[in-house]
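Below you'll find a set of structures to go through.
You will see subunit A twice below: alongside subunit B first, and alongside subunit C after that.
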Partner chain A sequence: MTQFLDIVTFAGELFIVAIGLLLVFGILKIINLAHGAFLVVGSYATVVATRLNWDPWLALLVALAVGIALGALVERSVLRPIAARPLDTILATWGLNIVIVQLITLYFGRQMQFAKSAITGAVTLGGLTYSEYRLILLLIAVAVGAMVTVVMRTTQMGLIARAVIMNEELAQGLGINTRLVRFVTFCLGAGLASLAGALLTPLVSVHPLMGVPWLINAFMLVLVAGVSLGSLAVATLLLGGAQVLVSSYGNPVLGGLTIVILSVVILRFRTPA
Partner chain B sequence: MTPAPELTAAGHLPRTVRWRGLAFALSGCTAAYLAGPFVLGTFGQQILSQAFFYAIVVVTVDLLWGHTGILTFGQSAFFGIGAYAIAITRAYYSSGIPVTALALIGAMVVAALVGIAVGWLSFWDRASPIYVAVVTLALPVVFTQVILSGHAFTGSSSGLPFPVPDISIEQWYWISGGLLLLIGAAAYVFVKSDAGRLLVAIRENEERCRYLGLKTSRIKTGLMAVCGAVAALAGACYAMFANVAAPAYGDFVFGTQLVVWTALGGRGTLIGPILGTVFINYVSAVLGGNFPFVWLLLVGLIFIVVVVYLPAGLAPPVFSGALRLGRIVADALGVARVRAVASEAPESIGRDRFSVVVRPEPAGTPVLHGGSQVALELRGVSKHYGSLRALEDVTFRAHRGEVVGIVGPNGAGKTTLLRCISDGRERSAGEVIINGARIGRLPPQDGVAFGLGRKFQAPSVFEALTVGDCLRVARSYRATPSFWRRSRALELPEAAQRTIEATGLAALIDEPAGTLPHGMKQALELAMVLALEPAVLLLDEPTAGLTSTERAAIGAVLTGLAQSHGLCILVIEHDLDFVRNISSRLVVLHLGRIVADGPVSQIVGSEVVRQVYVGGGTVT
Partner chain C sequence: MTAHAAETPWVGSKGDGGPALRVRGLRSGYGESDVLHGVSLSVEPRTIYAILGKNGMGKTTLLKTIMGFLLPRSGRVELLGYDVTRWPTYRLVRHGVSYVPQEKSIFQDLSVGDNLRLALPKSSDFHSRFEAVAARFPVLKERFQQRAGTLSGGEQKMLLIARALLARPRLLLVDEISEGLQPLMVWRLREILAEERGRTGLTIVLVEQNVDFALALADHYAVLKLGTIVEAGRVSDAGTREAVEQHLVI
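Presenting the complex of A and B:
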């Protein structure tokens, strides 16, 4: 039972980290390697909030806002000029990752940081004690996923976003401001990454290089999932679950590779749609 | 923001500037290298030795990414494999020279095998170019985790120290620099050779390469294996130089750094990435010691600026700036001779004047007898997209020496038909038989061996290559290209030669294909396909965008080919007059089915055709 909770909560963590990357991949058709850095920014936002003695819940909103602002800046200054060269955006966003991580290192140093958690303690469910925060995190992940799904399915904005995913040129021809759609999506993606970082802070150690392993896992999951939120949920559950099982029954160091290796193999054998 | 004016449309320096800059750079580098130990202290030599080893790996990154377009984050893993192979061998087994040499060879073999595995995972047909980035991103992650889980045996996170041979820093300087010169020179000769040109062709247009019979996946996998082995060699030597093998040698951060250095130096120029690597590593050792984070931040910022505004890297503007400076200095000194050399050199060096040679007909040239042999047979060829039937039970035969026109309104399935003939995987059902051989489900690169040649609807050429080089790439299926020589003569079969003469392409043989007007690209692609010496030629609107004179000329070439060589030609055309002039027979497609098939005279005026084009609706 604990294992089951471990799997679903870990899948929730993966989902909330990957969802921003998936949105950006679906609509801008680029792989944003600065996603990990946005996550780090969100974590450090909560660190700052703790230092200022702010409420941890407020810190989440601050992280979201900082992420969105950063995304806006990056989209305008770096991504827009190279929109026509998708492979180069991989490089440019990696450069951004270097710059952001170095800026954080310069200011905060390389050591681990501490941030206050909104919820501490555990709940008891039918004789089983489990971390309350991890369960709340899972609920938040489900809520974010549901919210994005509802927006995509029912609103005008979601309709436009889906149109851009399917055929950007046609959407442009129909008078949709695809530039704006790309801009908004990227801001949102960055905001979600930052929010994910803030949410993960109580569970992980906060330091400037914390983003890379999350980035790599999220990158793999998004490529396996394609552009569907449903597939992303399934992928995080299956691959994240495999990782939890390998880590607990096998070797924890190799367990960290489960998602990467399984994704590469799945990508090789999946028939292209 | 536009790129620097020196760049051509494809983002490369014009030949002349590149060659001159290279000559300058090479002599300068070699002189600086030889002078190194007399100028630098031990510390400087040590830093440069390290940079030289890194630069060797960067050469492999530039071959893979800069020349062939394979974005790799994983060259560090191969470097790490080499380092650990030597470290483990010398630490636990023997530090004798023969065993070390054996370990070196073993490391290169293992790295090559890993390279083949990476190729197998990444380069399947229709794989997106992002997949190789995914796989090579995973590779160093896997590598470091494996090293970490080796605990004491691999030294885990602190690295594995081992007994090293007694080699002084100055000796290491000569070894590392000599190895870099050797490998850099070999890479240079290779990319300039006939075989090396294929790399750029793959980067520019992999699909066209496949349809020219080139097994691009195999070529890329081979390149990956060789580059992996070279990186392992550098890693093995580097570990002996550094007295230790550390996980950082093979990790993801180092892998991305290699790409950063390549991009900063100037991808696809070889010399740019080498100089960039040496420069960045030297400066970061000198300055970075005091301000490591500021220095890294600066590199990151410059990297972004270069990727966004100077995609060709810093080498081209630096070179052309140096040239201009050199010219100004020469002017000021009034050295007429230097000026003359500087302005004439490109004409003689850079210009790639080569002569077109008509290939003599081989002894076994098929001669047309009778004219009733079936060259191409389609049996029940169908193509379904879900419930949509794009092609339904298409069955017909085409004979040698026959020019069959395929006509039909838009959406009739004409292009789909050509695709289903040339790419076995596209067919939902049915069979294609060429000269009696079933081509089954084989991909296009294998279809060429049966004698298929296909020209695409939109002209598909190699934009960054010259007209002559495009034709050479097309010939490489017939004549295996050399890995070190660059041939001067271009040998073409008569048909291809006649096509380039008739359309005036012969005069543009040194022009980059990307700068040609639309019609010329059409003609070039046709000539490229004809250079394959196909038995069955599939043409999708071959003359769209050509002038009427050019059309007539190409029409004459095609009919001549069919008659003299027994070539079977399937041609899609909207220009009915053109079709009437060159075809002996028409096949009318409508809604994926053949609705009429017969001699031109019979079909053109028929009721069926009128109904298909004008009446619409269903034809029974």
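Presenting the complex of A and C:
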């Protein structure tokens, strides 16, 4: 039972981290390699909020807002001028990732940081005691996934987003301002990354390079899932589950590579759609 | 701020009384190669203007440049007196231009209904407008929930026209709508476009290779050959068909 809860809660964490990357990949058709840096920014925003004695729930909103603002700045100043050159956007976001991480290192140093958790303690489920925070995180992941799905499936905004994913030029021909769609999506993706960083803060050590393994795992999961939220949920459960099992019964270092290795194998043998 | 362009009716706009569309010395192309070499034409409001030509003569390039999908290398595009030469496509649509592209221009994986909904910025306007359009396209009402990619070729063309008309444009640009269709379907589309012009005063620019279809519908025509207009006039003038066909023979 504990193993099962470890798997689903870890899948929830992966899902929260990867969903912003997937939205940006689907609509902007770029892999945002600064996603890990946005996650780090969210974690440090929470650390700062803790130092200021702000409520940890408020810190989540602060992280979300900081991520959105940073995303807006990056989209307008870096990505928009090179939007037509996909390879350059990948290199630019990777460069941006390095710059953000170095700036954080300069200001906060390399040492671990800690932040207050919004929820502490454990709950008992059928005689089993489990971290309440991890369970709440799972619920938040499900809520975020459900909210994005509902918006995409039932609203005009979601319909426009799906149209841009399918054929951007055709969407422009119907009067859709695809530049605005790209801007809003990138801001949302950066905000979600930052929120993910804030949510992970009580569970992980906060340091400038903490975003790298999360970025790599999220990147591989998005490549495996394509632009489907359902596929992303399944991929996080299966590959995240495999990572938990390998870490528990095998070697934690090997466990850290599980998602990457399995993703490479899946991509190698998958029949092209 | 909305992702979908807001509607701005043309009535009372700056250029009332002038041509609906005026193109002057337009040069455009892809990469290093020029496709249009200084095209000029003028389309009066409430008329149908046919641009005829064989494959590869620049007809689609002309429409794509007018619509802002391609940036012109030189020249000017005016809509009712507004210089729209470098306007983004969505802004042109906001100003009352609808574009019916050549083929495969529906969202294949979306339903017929969703394809139609995308034509309007506000979903609250949809039902009243759809009812008006559905009277002319009953098949789309029947297949409203069906995936658009499963419609027949003729039904997909119906969907393209219906989607364009839902936006209530003042200028409709139509790219080879008759291509690959059975004569009965071509006749039906001709009827729909003629009715729409009569009912709403819509200005239509048709790009066509089908001379019969184009000349039966249009008031004015031009023949585009290797990126240049080589023949133009009123369809009702004597000898129009011969003048057109001499440029279209292989």
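The rule we apply is simple: the second predicted complex is superposed on the first by the 273 of 273 C-alpha atoms of A that agree within 3 Å, B and C clash if a C-alpha of one lies under 4 Å from a C-alpha of the other, contacts with A are read in each partner's own complex, and residues count from 1 in each chain.
Keep in mind that, in the parts below, a contact is a pair of C-beta atoms (placed from the backbone, for glycine too) under 8 Å apart; a residue touches a chain by one contact, two chains touch by 3 or more.
Bear in mind that the values here come from a model prediction, so they are computed numbers and not experimental data.
In the superposed model, A:184 lies in contact with subunit C only, and not with subunit B.
Of the two partner chains placed around the shared chain by superposition, neither subunit B nor subunit C is touched by A:51.
In the superposed model, A:87 lies in contact with subunit B only, and not with subunit C.
After overlaying the two complexes on the shared chain, residue contacts for A:76 are found with neither subunit B nor subunit C.
Of the two partner chains, neither subunit B nor subunit C is touched by A:153. In the superposition on chain A, A:102 contacts subunit B only, with no contact to subunit C.
Once chain A of one complex is fitted onto chain A of the other, the partner contacts of A:169 are limited to subunit C, with no touch recorded for subunit B.
Taking subunit A as the reference, the larger set of touched residues comes from B, when subunit B and subunit C are compared. In the superposition on chain A, the residues of subunit A contacted by subunit B and by subunit C do not overlap at all.
Of all residues in subunit C, only 1-5, 67, 69, 88-90, 93-94, 99, 101, 105, 107-110, 114, 117-119, 121-123, 163, 167 touch subunit A in the complex they form.
Of all residues in subunit B, only 1, 71, 120-121, 124, 126, 129-131, 133-135, 137-138, 141-142, 145-146, 148-149, 252-253, 256, 259-260, 263, 293-294, 296-297, 299-301, 303-304, 307-309, 311 touch subunit A in the complex they form. Subunit A makes touch with subunit B in their complex at residues 31, 78, 81-82, 85, 87-88, 90-92, 94-96, 98-99, 102-103, 105-106, 212, 216, 219-220, 223, 251, 253-254, 256-257, 260-261, 263-264, 267-268, 272.
Against subunit C, in their complex, subunit A makes its touches with residues 156-157, 159-160, 162-163, 166-167, 169-181, 184.
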